[in-house]
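Chain lettering (A, B, C and D) follows the sequence in which the chains are written, and residue indices restart at 1 in each chain.
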């Protein structure tokens, strides 16, 4: 019916089991979409082998940004941090299967960018998102 | 605006009358003509004829962001480019004289439109933002001292907020905010508590771009005058939607943009009281704002050119003059009534749907803006879903983040009307909002 | 530009080559096409079809003030007003996305036109004057300290003079001037004497709007670099007349206007080196230049939007993009050669008349400007007499009073050419100058 | 032939007997046309009865401004300062008999304005013209 807001996207938006925070995340980061002020928080638990045992997202935003974050965190669980780092923006967009306008691109990539930020070795100490 | 619907703070019959006079122009002489009909002018706006995509006509409800442009304005801009594309002021040849006459003629039209005392009080700028910054960088930097206060309201657009914050940072000036009343209109009691003898400037919007409500400027003027403060009015929304008489309102500065009132982009106006403008230093230096330059320094030109350095936006000023002509032909009290009735209709239809929360204060004098949130649907998703039906609304914080913080909302959706919008547009909006709810509620 | 005609300071073959490369773009790949013919494009410029008064066609020789506009530019502006007259950046609806794509697309075109490193280095302004003032008010106010020096030349336009004088006044900065050589070209020896370790900024025109001569920017860059000074180039005349490659020229800031290069009024560009722009504070505050605002303060947006507060000149930026496309289709070395040959022809014809004194240095690389005085005839009277024959020239000091003081002239007359001017235009100019002499010499 | 630059205008421009300065002017003033930078100096000699016994102009400018100043100073000689003050802008333009465009209006009225300035009782001490 609506290729943007199809079943799968809305499932991730409303009923994601990935939504939430970890008590003791190994890595985490906050990201903001400057166009709208929406923010995403990412928590990752990484075991000694470098495998992501749990990934969670939290935040408020549009269906696209939240669904994307949900899909990505789901995908990351069980994968290594190296594999996670290797996920490209294009792969993120492919997961979403949505025809993107420039404005929605930032929505689609908000979670992905925040994950990349969490995975960046020399990540600065986390700052509260500006406008959450 | 039917006379029964006055905002609660307009208790004083006199104030009410003045307000109407200054906002509605010839409201006194009630016109016997038939009610202004938006259908009659839709052909003037070529964008209304377009389809957003094949088979989907445009329903443009983003007028608070920018209005559509009518043919007379488009043609006026083109006439400059085609017939007399010359620079102004400095040329003696025919094209330059024609361009100068058209450019200065547009200034005259705007002066009369606002009932300014003289053309010298009309400074062409790039837009409202530019106009307000001009006051901040000229009057503000020259006048304000550490400890002075600027009084704003809780509902200002970033354009009437950030320039003052930048100035406050530089000068050690204190910014205060008049709060909203529980019904989200301006709380005049809060205003009275915030204004004091240190208040050197009151800078306030005449109409909120989010709430649509109209601020009673004469109430503000009276208070600013007795505090001895200068009054700047952000009229970006008010000038397109009301008739403004700067002398009746007795304001010191008034800023607005061409593009929200049927004019081109790239042009705006700062009205300034001559006595203030005369004392103010220029901000931007260059050609045309000087009478003499040598290696040691320069002497400033007289008003208004002191503030218009370089080649001005000539075609755009001429286009704005055409927009003023275009708007002036309509019985303006009826246009005001149209905007008001569109908002009333939207209020009625949207409240009936359920799951929709209106931000716009109910039953207020409203210049044609309605903002709302829809349960479970993020405003940006809403805007996108509506767009597929050709309905253009805006989502986000509408350059009014502090207002959204005050209201505790991350983002809102906004539909805003202008003189070509019809009641059917509101009906489609309501229908499409229900459609969006269905998409999001189906589980 | 025939290769024999190099300016005297272009002694170094290498410099000469670089200059040509950066100014003339693909000059290396000499085109086999037939010589660029101005007749072939005159139909693109509707103003050329007009009569100044019945029976008197327009001969437009005031291009240094503003150029005529071709249909593709007029149509691009109109397309925005007709098809997608929406605000940019903040909207999710189709019109807004189309407007944003067109506006940012224009930025991309300009970045490629100038060979900038990134679109972020292209700031849309209102014009050259606005661009230069932006650097003065942002970089200048943040960086310069008492005793620092700014080096200008004796031939600057007020736009590249008054902003620095205002800054000097505020900051106690010293302004120095590189003088002209006896042949009225820039005296590089004087430049070398004026530049020193206190020089923080060199701000210089790339082409004089009075003399028409082209300043060897790479010579200037080299000197600014070794002094550790920032280099701003006023390219208001150079960008319309030459191909500019900001990376080959290695400049820090470059300012120009749309209206002198077939674009609309109300738009200009500041190119800035990203590393500098990144450090610079914004000047104008408002919407779009922030990512976050609360009552306490704001966070700035990234480049280029940090410097573009409020609704930008959308239609005008799109029009400038169209102008860049329009100009880019021509073999530019041939256009440069055309301008040069028009000046050569004017030099020859005017010198032959007697009683006419050319200001424009003879036999220099010239971008299409010739200035002169006529014995016994005041330049303004001259302009008026020529206008009656449809010939539009400019008279006065051309916003370069200090240059006129240096030259000891109260006013001059100026004819300036662009790519639609033909040799016959020069012939008519010469004829009408003789006619004017007759009017004034008859006693 | 040329209604702007007709014989009379050019006579005043080139051969005016009014051009020059007075040794001991009773009143004088400088005026500048900001559009072009042209300047006019006016000297008036006024006798005890308030009659202007001599009027001179000096300066450099276009034919219109110089001719206008010449015509006006010629006209003023023998008239009282009150009569001089009463000369309106319209009368000045009538003397010139030229169809004026806005730009040339400033030329036409430069001398007249400067005379009015000289006649203004509380005239500030004369300053050298900015750009002469």
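Convention: contacts are C-beta pairs under 8 Å (C-beta built on N, C-alpha and C of every residue); 3 or more make two chains touch, one makes a residue touch a chain.
None of these values were measured; they are calculated from a predicted model.
Student: Hey, what chains does chain A share as contacts with chain C?
Tutor: Correct list: B.
Student: Counting hops between chains that touch, how far apart are chain B and chain D?
Tutor: Minimum number of steps from chain B to chain D: 1.
Student: With chain centres taken as the means of their Cα atoms, state the distance from chain C to chain D in Å.
Tutor: Using C-alpha averages as centres, the distance is 39 Å.
Student: Would you kindly tell me how far, in whole Å, the mean C-alpha position of chain C lies from that of chain B?
Tutor: 34
Student: Quick one: report the Å distance separating chain A from chain D, using the average Cα coordinate of each chain.
Tutor: 79
Student: Enumerate the residues of chain A that touch no fewer than two other chains.
Tutor: Where chain A meets two or more other chains at a single residue, that happens at 35, 37, 104, 131.
Student: Using the touch definition from the top, which residues of chain B touch two or more other chains?
Tutor: 90-92, 292, 380, 384, 395-396, 401
Student: Provide the residue numbers of chain C that touch chain B in the complex, in ascending order.
Tutor: Checking each residue of chain C against chain B gives 46-47, 50, 52-53, 58, 60, 62, 65-69, 73-74, 77-78, 80-87, 90-96, 126-130, 132-133, 136-137, 157-159, 161-163, 165-166, 169, 175, 177, 257, 259, 264-267, 282-290, 292-295, 297-298, 309-316, 380, 383-384, 386-387, 391-396, 398-399, 401-402, 405.
Student: Can you list the residues on chain C that touch chain D in the complex?
Tutor: On the chain C side, the touching residues are 376, 378, 380-381, 384-385, 388, 395-397, 401, 410-411, 439-440, 442-443.
Student: In their complex, what parts of chain D are in touch with chain B?
Tutor: Going by the criterion above, the answer is residues 32, 34-35, 37, 101-104, 130-131.
Student: Quick check: in the complex, which residue numbers of chain B touch chain D?
Tutor: It is residues 89-92, 97, 100-101, 291-292, 299, 301-302 of chain B that touch chain D.
Student: Which positions of chain A touch chain B when the two form their complex?
Tutor: Going through chain A, the ones touching chain B are 1-2, 4-5, 10-11, 14-15, 35-38, 60-64, 104, 107, 131-132.
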